[in-house]
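Presented sequentially are two complexes of subunit A, the first with subunit B as partner and the second with subunit C.
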Partner chain A sequence: MTFEPKIVGFLCNWCSYTGADLAGTSRIHYAPNVRVIRVMCSARIDPTFVLKALTDGADGVLICGCHPGDCHYSEGNYKMMRRYPLLKKLLADYGIEDERVRLEWVSASEGQRFADIVNDMTERVRALGPCSVKTDLATDMAER
Partner chain B sequence: MEDLKIGVYICNCGTNIAKVVDCDAVVESAASLPGVVVSRPYKYMCSNPGQEMIVQDIKEHGLNRVVVSACSPRMHEPTFRKALQNAGVNPYFLEMANIREQCSWVHEDGAQATEKATSLTRAAVLRVAQHEPLERRSVDMCKNLLVIGAGITGMTAALDLADAGSKVYLVDRADRLGGNVARVDLTAPYLDSARDMMTERMTRVVEHPNIEVLLNSEVEDVSGFVGNFQTTIISKPADGKGTPTKVTHDVGSVIVCTGYKEFDASRITHYGYGKLPNVVTSFEFEKMLRAGRVETKEGKAPQYVAIVHCVGSRNMEFHPYCSRVCCMTALKYAQEVKSAVPGAYVSDIYIDMHAFGKGHEDFYRRSSEVKTLFLMYAKNDYPVIRKAGPKDDCEMLIEVNETLSHETIEIPADMVILMVGMEAREDSGEIARLVNISRDKDGWFIESHPKLDPVATTTDGIYIAGGCQFPKDIPDSVAQARAAAARILGRIAKGKLDIDAVFAEVDEDHCSGCRMCNELCPYTAIEYDAEKKRSHVISALCKACGACVAACPSGAIAARHFTDRQIYAQIEGVLA
Partner chain C sequence: MAAKKLQLAIYWGAACGGCDVSILDTNEFILTVDEVADIRLWPIAADGKYADVEAMADGELDVVIMNGAVRNSENEHIAKLLRQKSKIFVAYGSCAYMGGIPGLANLASRAEIFDCAYLNNPSIEPGNRTVPLTEAKVNGYTLELPKFYDRVYKLDQIVDVDYYVPGCPPQPDQCKAAILALVAALTGQADPPPKGAVVGAFERALCDDCKRTKTEKKVTRFYRPWEIMEDPESCLMEQGILCAGSATRSGCGVRCPNSGIPCRGCYGPAPNVIDQGAKLLSAVSSIIDSKDPDEIDKILEGLPDFTSFANRYSIPASQLQRSHRK
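And then the complex of A and B:
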């Protein structure tokens, strides 16, 4: 049986969640591996959300916001854009592979783009195999 | 705290969800989750009996939380919140799981879709357990209106509101009223004069005591929220000299009516526009008609006039969409040419004849009766226009691969009219950012719902009407203008507005007074109290983006309805 990765998606309400809805109304089929959590803005995504998802067993985390310049709150996506490299640095220190956490811009009209991103990310995370953070943590806890 | 009593409802949406997702399996799985006392499927949850089922269960089982797994919350969250409210439960004790747009419509494999629907429903159940009751805020509705764009759409909306007693600020970048329709001669299909229509509108607008016309002007800023916007408008002096003036006004609503621009015909090289002097665009031809002089650059009456449809429209290379007005306008030209130059030969080179509107088919028939030669060409197989030789009795020759006869036909022309399509204005991105609305892939503004809410946008209090939303003719533009006006008047009639209870809050006990959030807030909604050395949120200005919440180093700010605990619960739910 092929490994089916579990990916948590954090989508901003105005562009990316609407774009994902558009993929639905346009009946664009894509991989069922991403579970979407809606937030009002990508700036709301606390790095702890990503860490919690990974420690709770996610194999990947997808973050989507409005394209730069198109944020509903004028500049929230820039805040996410600045936070993201710091988060990636931290994840690298933990030994979490780069492709497990991804930031993408998806507008309200980009249903196809959302589907393409989900398919691509699912394939990449599938190739990486399960994320070991959850089991590593459990082992660490048991040893203490 | 009282015991959790959660009701879970899995919508079949007819077969939209049920044909892919095993709804009964989702129901069964949800039934075993902590706090769930009722778990049911239903054919259409949004229907009256569906909503009534929730209300009855609330009464019968004392439910205090509700999860509806159905379509996107962007579609029916307000519907179900209302159902909770009707049953006396705080509307924010609802959570929806999107198992249609983001599940059954995008996945083929039933087992995987069912697993995903189960997982999303579980996340919603865990999240709703963390919900808090919130009270909606009531604010005043300012009667004043800002209209951006003074074409036929903007003027019509302005007049409706002004007649009803609102003060209207009607702004246009141009130095005149009227927009694109003011460039048109007669209108299809009844051949009434655009000039007469516009004169009536313009005179009324200019003379109306409640309308302030600001030409040569741009809206620099729109801040605030529905019912309570502040706008800054910059006006250049009419003569171009002197310093621009800046005014600020309070308005309750904004209607964007910025229209469209015509396609640049020189982008299609096959037509020789800009090189062959007698190849003109439809707007250039309108100018001739308005001046009453249909003649070539050389001053001669054209004996052969050819009209080419879909210039820049219905073409993957330029714009894939139909511009909607050109077919009827082309037929109008056929009739106008015949009356301006009796005996002229008119050929009409088209892809498909779109005659969908009221009176359009009759108009098409009448145009055929005046002996117009119709030639059909295939999409992307452009007719080629070239200069005629010295022996020809015409200026140009057009080669058309005619699809009905399957022949290549060469036709003479002294004048060619290119039916240029409509495209989004270059400043549409700027306008979208100014009033905080979205654009589609072609640059047109996106409406709140394509069928049920066509003139509202995702920003409450901002409306769109006319050609800026998508190409449309005068009747449709005017209908949208009046629809937007009616939407606003409905709210003015009510006097007060209920606005969302979702905003950020600072827990002053945990705030360290670092002021990081003050700088982050795009709406300057966070104020620092120097005496207390604490920050606090001005809730009326907060738009609930949550940027400050994620940034607060003390974790002292909570986003109501999007708290850390609620999102953590959702993460646990999808990964359980």
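And then the complex of A and C:
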């Protein structure tokens, strides 16, 4: 069986989710690998959510928010902008490949951009192969 | 009251011995423990052999207080044995509770650790580069060593744990309070704490008990503690000194921040926090005063080893638990 990456997408309600919706209503064909979770703001995405997705078996996590300056709550996406590089450092220390977690700004009018990002990320994660976190932890408990 | 004395065992796994010393640090109180309890095993302070424990009936020990993480097969074997022989099993100290300092080794594999410690370390004499084996034949005898595991486990990943006492080490007052609570419960003078409770600590974050003045936090540069003269009145984070207090459970008496040293998180995650490091990451990044990605990267250069700071005592208890590098 060929490997189909499972990607969890956290999308902000105001820009990115609407952008993804536009991709759908515009009938743009793109990879079906992202499972979208709508959140009110990219600032709501606690690092714990990203880590939980990985430990529960996701192969990648895509975070999308409004472009800087466009946040519905004026500053929320800046919180994510600051959190992301530190989260990437933490993930690298735990041996998680760089391309498994990605932050992108997608506006409500950027349906094509959302589709392109999903296609690109899906191929990159496909090339990496499955994320081993879930199986690693199960193996740890089963054998020593 | 001539009731039967409580049967108590204190044991250590992968630990430094500081937890045992913290029990002794209760000073004369430890003598009152001896009045109500028989200490059946306590390697650092009393005699007692594994064979004696093996000979006990299941549940014969009323309380086992185990400190230290599980690093090797001996730690695991004795933890499981003591669990079988005990009614109440207490994970005592940060290592037992979350993996602790030994848990930092989870960012490397056994192969990397052996390579660094035994093979390619400049301080090792050439010709003396040996690694521990689980079995070796010497003069016709078979010598055995415990198996060194690929990673460190916190205690409840190996055995069922009833109560947790956090701290590196737990503060003597809290140790005393925890022991008294258990004695009261076992002698029927009080209800036992609910299973899985963190005893000897509070249900709030360290910042709630820290006396430093807290205002709006905006940081444009992080400092290592020795790079700056800290202001003793204001919040350390506001001064750019990384402090784990916001993600950490209170109970230690705020001893580090009161001494001008940032909290290092030894009391574990604050109540309802899953991953202490992830929460601290969120808190720290939110106070960076910049909207420019390049400037943010530059400010973050002031945190050279954030992961080991954020999960200093809790890597085996973090969501990812260990390195997943191939």
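To be clear about the criterion, the second predicted complex is superposed on the first by the 141 of 144 C-alpha atoms of A that agree within 3 Å, B and C clash if a C-alpha of one lies under 4 Å from a C-alpha of the other, contacts with A are read in each partner's own complex, and residues count from 1 in each chain.
The working rule: a contact is a pair of C-beta atoms (placed from the backbone, for glycine too) under 8 Å apart; a residue touches a chain by one contact, two chains touch by 3 or more.
What you are looking at is a predicted structure, and each value in this text was computed from that prediction instead of being measured.
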item: Partner chain(s) touched by A:Thr48 [first = subunit B, second = subunit C, both, neither]; value: both
item: Partner chain in contact with A:Lys79 - subunit B first, subunit C second, else both or neither; value: both
item: Which superposed partner A:Leu90 touches (first subunit B, second subunit C, both, neither); value: second
item: Touched partner set for A:Gly24, first subunit B, second subunit C, both or neither; value: first
item: Partner chain in contact with A:Arg144 - subunit B first, subunit C second, else both or neither; value: second
item: Contact residues common to both interfaces of subunit A (with subunit B and with subunit C); value: 46-48, 52, 79, 83
item: Subunit A partner contacts - residues on subunit B that touch it in the complex; value: 72-74, 98, 100-103, 105-109, 112-113, 115-116, 119-120, 123, 429, 432-433, 436, 438-441, 446, 458-459, 502, 520, 522, 543-547, 549-551, 559, 562, 564, 567-568, 570-572, 574-575
item: Contact footprint of subunit C on subunit A as seen in their complex; value: 46-48, 51-52, 54-55, 68, 78-79, 81-83, 85-87, 89-90, 93-96, 131-133, 136-137, 140-141, 144
item: Residues on subunit A engaged by subunit B in the complex (per definition of touch); value: 4, 6, 8, 13-15, 17-18, 20-21, 23-25, 27-30, 32, 35-41, 43-49, 52-53, 56-58, 69-70, 72-76, 79, 83, 107-110, 115
item: Interfacial residue positions of subunit C with respect to subunit A in the complex; value: 73, 76, 107, 147, 149-151, 153, 157, 274-275, 277-279, 281-282, 284-286, 288, 290-291, 293, 296-297, 300, 303, 306-308, 310, 318-326
